[in-house]
Structures are given as structure tokens and as C-alpha cells.
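Common to both upcoming complexes is chain A, partnered first by chain B, then by chain C.
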Partner chain A sequence: MAPRAAPYIGRLRRLIGSWVPAALIVLVLLGLWEGYVRLWAVPKWLLPAPSVIAMTLVVSRKLLLDHTLVTFVEVVVGFGLSLLCGVLLACGIAASRTLERALYPFVIASQMVPIIAIAPLLLIWVGYGLTPKVIVVALTAFFPIVVNMVDGLQSVDPDVVNLLRTMGASRWQIFVKVQVPTSLPFLFSGLRVAMAVSVIGAIIGEWMGSSQGLGYLMIRSKPQFLTERVFAAIVVLSVMGVALFVLVGVIEQLAIPWRHNAPRQRSL
Partner chain B sequence: MKRVAGDAPAEVRGDAKVRVEGVSKYMLQHGQPFAVLQDVNLDAQAGEFVSLIGPSGCGKSTLLNIIAGLEQPSSGTLYLNGRRAEQRLGTVGYMQQKDLLLPWRNVLDNVILGLELRGMSRRLARARALALMEQFGLKGFETAYPDTLSGGMRQRAAFLRTVLPEQEVFLLDEPFGALDALNRARIHEWLLGLWETLHKTIVLVTHDVDEAIFLSDRMYVMTARPGRVQLVQVIDLPRPRRLEMVTTAPFVALKAQLLAALRQEPAAEPRDGKQ
Partner chain C sequence: MSQYPRTRMMLWSMFVLMLVVSGRHGAYAQNTTLKLALDWYPNANHLGLFMAQEKGYFRQENLDVMLYTPVDPSTVLQTVGSGTDDFGISYQPDVLLARAQGVPVVSVAALVPHPLNSVIALQSSGIVRPRDLVGKKVGYPAIPTNEPLLGTMLKTDGARGLQDVELVNVGFDLVPALISRRVDAIVGAYWTHESILLENQGYPVHIMRVEEWGVPDYYELVLVTNASTIKSKPEVITRFLRAVRRGYEDAAQDPQAGVDILLKGTKAEVDEKIERPGAQLLAPLWKTDKTPFGMQDTARWESFTQWLQANGLLASHVRAGDAFTNRFHGGN
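Up next, the complex of A and B:
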């Protein structure tokens, strides 16, 4: 495939081009931070230098990894639960006016009640461990999924629906063959937001009471003045959040190929 | 109204593929009823190419919607194949001006939609479609997504989707409206060639007199709101039709006559909507 190599090199170059500015800014900021801490000899417990945080990441990798896995499971299970419930709820709301009137107020109300207020109750009801965190994650994540999916299911072109009707399609066939594919791009917009808030939800859940996870690690490290470990936990958490976010994007590209394969004209 | 109230429509009538008998359609606008179609009679025989022409808002599309079964007439009766047809959805092929291709399906999977909805396996449906790709100028584009196709190709794909389920009757609602003149002329000739091999009944809605004369056996000229049939014109030009015919004397004479009919159409009558 020799003649095909050229476009790939071009693509690689563009990819690098799109990452280089962001990487430069990060490097400059880290440099300023490092310089400031060293010049003014800021104590480690107040503001650790990036190099110290990096050292902590290496030295405490086992500890960090263990707690990361706990948080990761909370996020993934909670997100999965919200995806399942959100999609089912959205289908119900889109399929029936009655269900829409009956359920939508509760979906909206669920977002008006602060999670912080619910979390302690969850501790009382379902105890420590995985379950309350999963519930907190699912509660924060399902709202963008439901709202976007409902919009998507309801945004079908009525002419397309009529076309299928003239072909003798049943309501179920219209739902499966038109409404669901139409809603996919909307669903994925919701999923990206949901993934971002899932990570926050997991940390909040852990802060309310837990014995493991990155949120727990932060809470425990702070009174011990292990500020560099708090930062290390934040770094790992950010990396995990970004990775999960990117993963949703990748799955989106695979699930909605027609949206990304349309050739865009580019001048040579 | 020709029919007296209470006179039940017959179950079987004639052998026309499509027969529209005394169809009226009323709609509500701002709480006021108004007539979209008034006492429309129309028929199309087996293998006949019939055109419906009229100013915009004359209810042409409503009439097609009624024939397809998307809407029911306020009064009047519809016969398909000589039988009274209350539930008609899924029995005639309907193609609209917008191609309505599904963006998430490639060309091949778009054109088999009708077959798939009737429960045919995708494998079998694809095999059927592949055999016709060349005739529809879509060969080599089977796996392309609609967004990557030209307007003419999209229309031909939409047409293949309409043809594949092998209905007896096709309703075409200004299918060439979005194409430029050159592509239109080409697709007209192509459509006639196809129609001559398929032996199907076609009812075409258009606002283009040339297009209607060039393609049809008969033309129904409609009036503006409320839509009524003003004139039925037989187009006795020889077949097969050739593009050069549009400048011949008989063609031009027909065109002059039809344009005059379209122009002298009476202004909207004051009793509109009072019935």
C-alpha cells in the first residue's frame, strides 16, 4: 500500500499539529510552577512542585493503582447503570405521551435535589461499599442521557416516517429502523456529558464515606499534609476521566460511521 | 356532489389500477374548515403514465397522500385494482421530492428498505438490489453513504427503493424538482425507458408542463384551492418519446393549449370553505 502512505503521513502531521500547542502550554505552566516553588522555597505541604508530584506518582504507584481501580469500577458500573436506565426511560418517554407526562417531572426533579443531600441518606440505607457510589454516579449521569436521547428519538423527519408507513412499516419497525438510528448522535452527546459527571459523582460518593478509592485517598492524605499525594490522585483521576471520555468518542465513531466517513473537501 | 348521501360506495368497480371517485378533503385552519380537494375524479389504467398538474396549493400532494393511504378522504371512495381500498398503506410505491435516504445506511441498504420491511431477509434483498444497480446507474456506489452522492444519484437510489418491492402502482411527487435542467432531461428519458420495461402504472405530480407532456399518456389539470380537476388531456404523442420531440409542432401545440388552460383558471370562488 505504498501510494497510500502519503495521506497517513499528512494525517499524522495534522495530529501532531493539533497536539503541540496544548502540550507546549502545559509544559510552560509546569515550568513556571516548578520555578515558583523552588525560588520561593514553598513548603511541600502547601504546594508541591510538579517534580515532587511526579515522584509521588512513581513511588506510590501501587497505592494509587489500587484506589484508581476502585474508583474506575464505581464510574464504569454507575455509568453503565445510568446508560441502561436512561435509554429505557427515554424510549418510554418518547413512545408514549402519557409516560412523558408521568415521568419527565421526576427526571427533572431528580436533578434539582442536590446529590450532596442524598449521599448521606444512601450511606444510611445501603451502607458503605460499592453500592452507594454506583447509585450516586448513576443519579448524576442518567439525566443528560435521558434528555438527549428523548430529543433524538423525537427529532425524526416526519416525511421519513410517512415514507416507511407507505411501505407498510409497523410502529415498531419505524422505531427500530428510523427513530433509534436518528437518536444515536444525540445519545452520544449525552454520553460524553454523562461520562464527565460520572467521575465527579464517584468522587462525591467516596467523600461521603468510604474506605477506598481516589476520593478517599484525597480525603485521607489531606490531614496528613501529604499534599503531593492529593495532587497525584488528582492527576490520576484526570487521566482516567480523559481516557474514559476519549473512549466514548471512539465508540461513537464506530457506532455512527456515516457521520465521520463523509468526505470533506480540503484544498490542496 | 354526484352521489346522494347514504348511497354506499360499491365494493368493486371497473378494472383501473387506481380509481379516485368523488374525493373531497376538508381541513381545519384557525378553526375554519376549508376545502383542499373538491369532488376529484381520477383513474389510471394498468401500465398507464398519468400526470397531475396544477398551481401550488391545489392539493396535488394531498391527493397522492390519500391514494397512498397516509390520509383518508373526507368523502369519496378509493379503488385499487378495481377493489375498494380502505387500508392502502404498503400497497402502492410512493416517492417524494425529497429523496429521504437514511443517512446511516449505505446505498444498497437504503434501496432494500421496502423489501426488508416486508420481512425479506437482508441477504436476499441485497441480491435482488445488486442485480438492478447498473440499470439505475448506481453500480460501484453500493457501499457509499448517501451524503457522498450527487443529487441525481440520490434520486435514482430513491427510485430504486420505490421500485424494488414490485408494487403495481407508483406515485411520484415532483421527484425531479430538485434537479437541474440537464439532469432532468436525462432522467426523464431514463425513466421512460424504465417504465416501458416495467409495465407499471405511474401517477406523477408536477408543476412543469413540459415534463408532464413529455412523460404522460394522460394529464389531469387541477385548479387552485379548492383543488378540482379542470381538464383531462390525452397526450397522443408517439412512443417511445425522444428528447427532440419537445420542439415539434404537436408538442408545442399541446403545450400552448395546456398553458392556456392553466392560466384561465377561475379565481378562487367566494363560497370557498362554506360547505
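Up next, the complex of A and C:
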């Protein structure tokens, strides 16, 4: 066992090494924040101290958990939808020049549409349930997926493709055996960006109209001057966002292990 | 001209003297600059302020007042509480909720002395009283105080309460939600604004006023300032409120002249077809025969505070008497 465990210990050490500076910075910032609030006696409705926010996290854990689950479902479903649409669209764009010319401008234009302006209309069109939030999430998340996946599919080595062609491979075989594996690292880069913006998309969707979720909890807490609860919701949201981001990284390692055998520094 | 050198000399010296005097005047009677955060885009509720501005009532009190709409009007009490804004327009329930969390804001005048908030349904829905809402969807802008308003109205009309309806947060798009039939009624809408907007769009409405269905009468809009401003600059507040009072007295007399000023000052932001009828509805509320405009009633503050506390929305330690003062109206 020992010789096989060695590389894992090395990796663990690297992982700790990469986390310690970030943790230190967070601790120092929190300390400064706490000190500032206490020293200048800043009222908690204006800026709550980290300790007060931590207390709120504990006291309101049930409330926060309930709303987190709602937002979590919105993010995951919306992300799934954008993954499905994004990959299909990317394959279409990479497969056909005509489709690329026809679709790509619209894909780009879709990112110029201010979601904030569209979201209230979405609510009127499709109602106030899960659907409008999922649509907002999917709209914000599918763009990085499409762009990265298209780049990946188009970045295959033409020599490899020519070789396979001379050996009689079909277009489908080239697609499955060369293009898809080549595009996977690109796809996962896109997915990590998409995951980060998905969380923001869900909150925007909830702000426009909802009866539950972390975004709803924030807009409910603000008029009650419960600033510490707004911050607590932000903390939970950040933790959820980071966890999902890491999850995408883990899935990436499982899906394309060859990428991580290459010597390369990664932050997460 | 040269045959009158003395006259010329005198004229010049008078001119120079005038410059000096006006310069001294500027140096000594420096105008006080005040920032007032509005609760929403300029509308008929603000007529008195815009009239005081346009007619120079603020200037006559040596005040330069800047009226502006914050990017997010729900932060008015925070910016006033922290001293970023000198004055702000807010709502009686919100002032009490803010005080419960320690935000040092105090209401110094009532601008709209009765609730404007109401439940509005389309006439075509057949909903004419709160009881008719049982089993229906009601849209609201996720403002916590709207919930007990509707709850009290339902109970007063013989229903069990909020559990009888489905409340839907529709953000601030109350009117589209109602027109598109996503909801059967809306709460949090003004009977001086949304109702007019709906009728203008060709949808006759039925209005249920909150104070007619068991909710204690309260002040929809109040003028708030910081507790420390009251201590440090009482004389500025007195001057400011004197000008505001004159503005609203004018608005009560001639609301349409006020709308003219509003339209001139704000242009595209204001919908004339809503503000003209709105101002006509508001003017009677501004007419105060016995008490000076802006004066607040202790009993009304207390009964509304108790109602909020009975509905579990307000901490019991909040005292109504601390949340407002009449001392700038020549009162106690």
C-alpha cells in the first residue's frame, strides 16, 4: 500500500499548501472587519460584525437551510438545462459551418440582453414558480458552455483527423473518438464559469418574484433591517457556490483523468 | 458722459459697494444644503415638496434642498439613519421596524396622513370584499407589513386569515401581474396610483381600503430625519418644515398647479395621466383645518404600533412615542 499512497500524500500536501494562504487572508480580513466594527461601534443594521453574522448562521440555521434547498434546486436544474442545451448547440455549431453562421450571432446576442430587464417579463409569461428561475439560470450559464465547447471541438489536431480519415473512420467515429475527448477540458473550463454565474442567475430570478429561496430571504430581511441575516444568506450562498464549483472540478478529474496526470498547478 | 465725472464716479462706487455687500451677504448668510431622499420616483405624493422648491419657499428659509430618488428607495431609512441623507420619505410601519433594529430615525411630519395602501382586484373578477379572496392568489411586493394588512382585512370580513389565500411575491410589477391574471388581486398597491394606471389601461378595478376593513388608520408617508440631527440642528428642521408646510398647503389648494410643476421639473419620469387624477384624490388628505399640516396624532401612532406588535411583526420594546415628534410644528 505504502508506495501507492505516496503520491496521494504529496497531493494532499500540495492541496493544504494551496489552501493555507487563502485561509490566512480570509482570517486577517475577518479580524480587521471585526475590529473595525467593535472599535468604531458601528451599529449592526449598518454593518454587522463577523461574529454577529456567525451567530445568525447558528440561530437561523433551520430558516437558512430551507431557503438554501430551494435555491440549490434552481441552480442545479438550471445548470443541467444549460449543460444540455449548451452541449447540443456547440456540437451543432462545430459540425456545420452553416449552423455556426446562423446560430453563433444569436448565442452572443443572448448575452447582451440584460437579464434584469427580461426576468420580470418571464414571470408574467410563465408564472412565479421554479420555471422562471430555471430559465434565468440557464440563460446566464449556457454561454460559457457553448463558447468553450465549440473552441474545444474545433481545436482538434487536423493531422489526427486526416490520419483517421485515411484509415476509413466515419465522421461519427472521428467525432466520438477525437473531437469529444479533445473538447472535454474546454467544456469543463466553461462549466466552472457557468456554475459560478448560475448561482447569481438564481438570485436574480428570486429577486424578481418568489416566495422562497436565499434571494427571497435577502429581500425579505432588508426591509426588516436584519442586515446580519442578509449577510448570513450571502455566506451560505457563497459556500454553496464554492461547493458546487469544487464538485465540477471533482467530476472533471473523474471524467478526464489524463488531464491531471500532466504536471500543472491548479488552485481548486 | 465726461461732463458728469462725479455722477460716473458715484455710480461706479455704488456698483463696487453693491458687490462688496452682496459678497458679505453671501459669506454670512450661507445657505444650508440639505439632501432629501424620496421614497419613489417623483409623483403626486411629493407635490408639496416640488411646489416649495419651485416657488422658492426653501430659498426663503436660506435652504438649498436637493430632492432625489435613490437608486434603491428601500434604503432611505438606512441612509437617513447613517446621516448620508438629511431627510427622507418613508412609511410609518417601516420607521417602527427600523427603530426596532436600532436605526435612529424619527418621523418629524406626516406627508400623507392616511393609508394609500389597498387591495385591488379587477371588476371582472367579481371580488368586492376581502372574504371573496378566500382560495385566491394575491400578489404583493414581498414587503413584510403587507401580510398582516391582508390578514386583518380577511379576519375582519369573517375569513380565518392569511392561511385562506395564496400570497405570491410578484416583485414591484403588481399591475402586470394582475392584468395577466397571474394573480386575482394585489396588495401593496396605492388607490391613488396603481388603480388609476389600471383604469387607464382599460381595466376597471375594485378597491378595498385597508382602514375600512379593520386595519388601524396610519400615516402612509412620513418625513424622517436622524435623531442626532434633531438634537444638533433643530432650527434647520423648523425652517425646512415651515417651507414644506407652505408647499403642501399650496398643493392642497391647487393640486393641478402642483402637477404642472412636477411635470416641468421631471419630464419623462412622470405619467401625467396618472398624476393628475392622483393629485385630485390626494388634495383632500392634505387639507387640515384645525391642526397644522404635518402634525402627527399620538393615538394613531400608538394604535398602529400595538397592531404591528399584536401581529408579531414588531418587537415589544419599541415605543411609539420615540418614533415621532411634533415639536417642529409649534406643538409639544
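As a working rule, the second predicted complex is superposed on the first by the 248 of 268 C-alpha atoms of A that agree within 3 Å, B and C clash if a C-alpha of one lies under 4 Å from a C-alpha of the other, contacts with A are read in each partner's own complex, and residues count from 1 in each chain.
Please note the rule applied: a residue touches a chain if its C-beta (ideal position, glycine included) is under 8 Å from a C-beta of that chain, and two chains touch if they have at least 3 such contacts.
The shown structure was predicted, so the numbers you read here are calculated from the model rather than taken from an experiment.
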Clash or fit, chain B versus chain C on superposed chain A: fit
Chain B versus chain C as contact partner of A:124, first or second or both or neither: second
Chain B versus chain C as contact partner of A:245, first or second or both or neither: neither
Chain B versus chain C as contact partner of A:157, first or second or both or neither: first
Which of chain B and chain C A:104 touches, first, second, both or neither: neither
Superposition-derived angle with apex at the Cα centre of chain A and sides reaching chain B and chain C, degrees in steps of 10: 150
Which superposed partner A:175 touches (first chain B, second chain C, both, neither): neither
Which of chain B and chain C A:165 touches, first, second, both or neither: first
Smallest distance from any CA atom of chain C to any CA atom of chain B, in Å, after fitting: 50
Interfacial residue positions of chain B with respect to chain A in the complex: 65, 68-70, 89-94, 96, 98, 100, 102-105, 113-114, 116-118, 145, 147-148, 165
Of chain A, residues touching chain B in the complex: 157, 159-160, 162-169, 173, 177-178, 181, 184, 256, 258-259, 261-263
Residues of chain C defined as touching chain A within the complex: 74, 77-78, 81-82, 94, 97-98, 100-103, 142-144, 167-171, 173, 176-177, 180, 182
In the complex, chain A residues that touch chain C: 43-46, 120, 123-124, 127-128, 207-211, 216, 219-220, 222-227
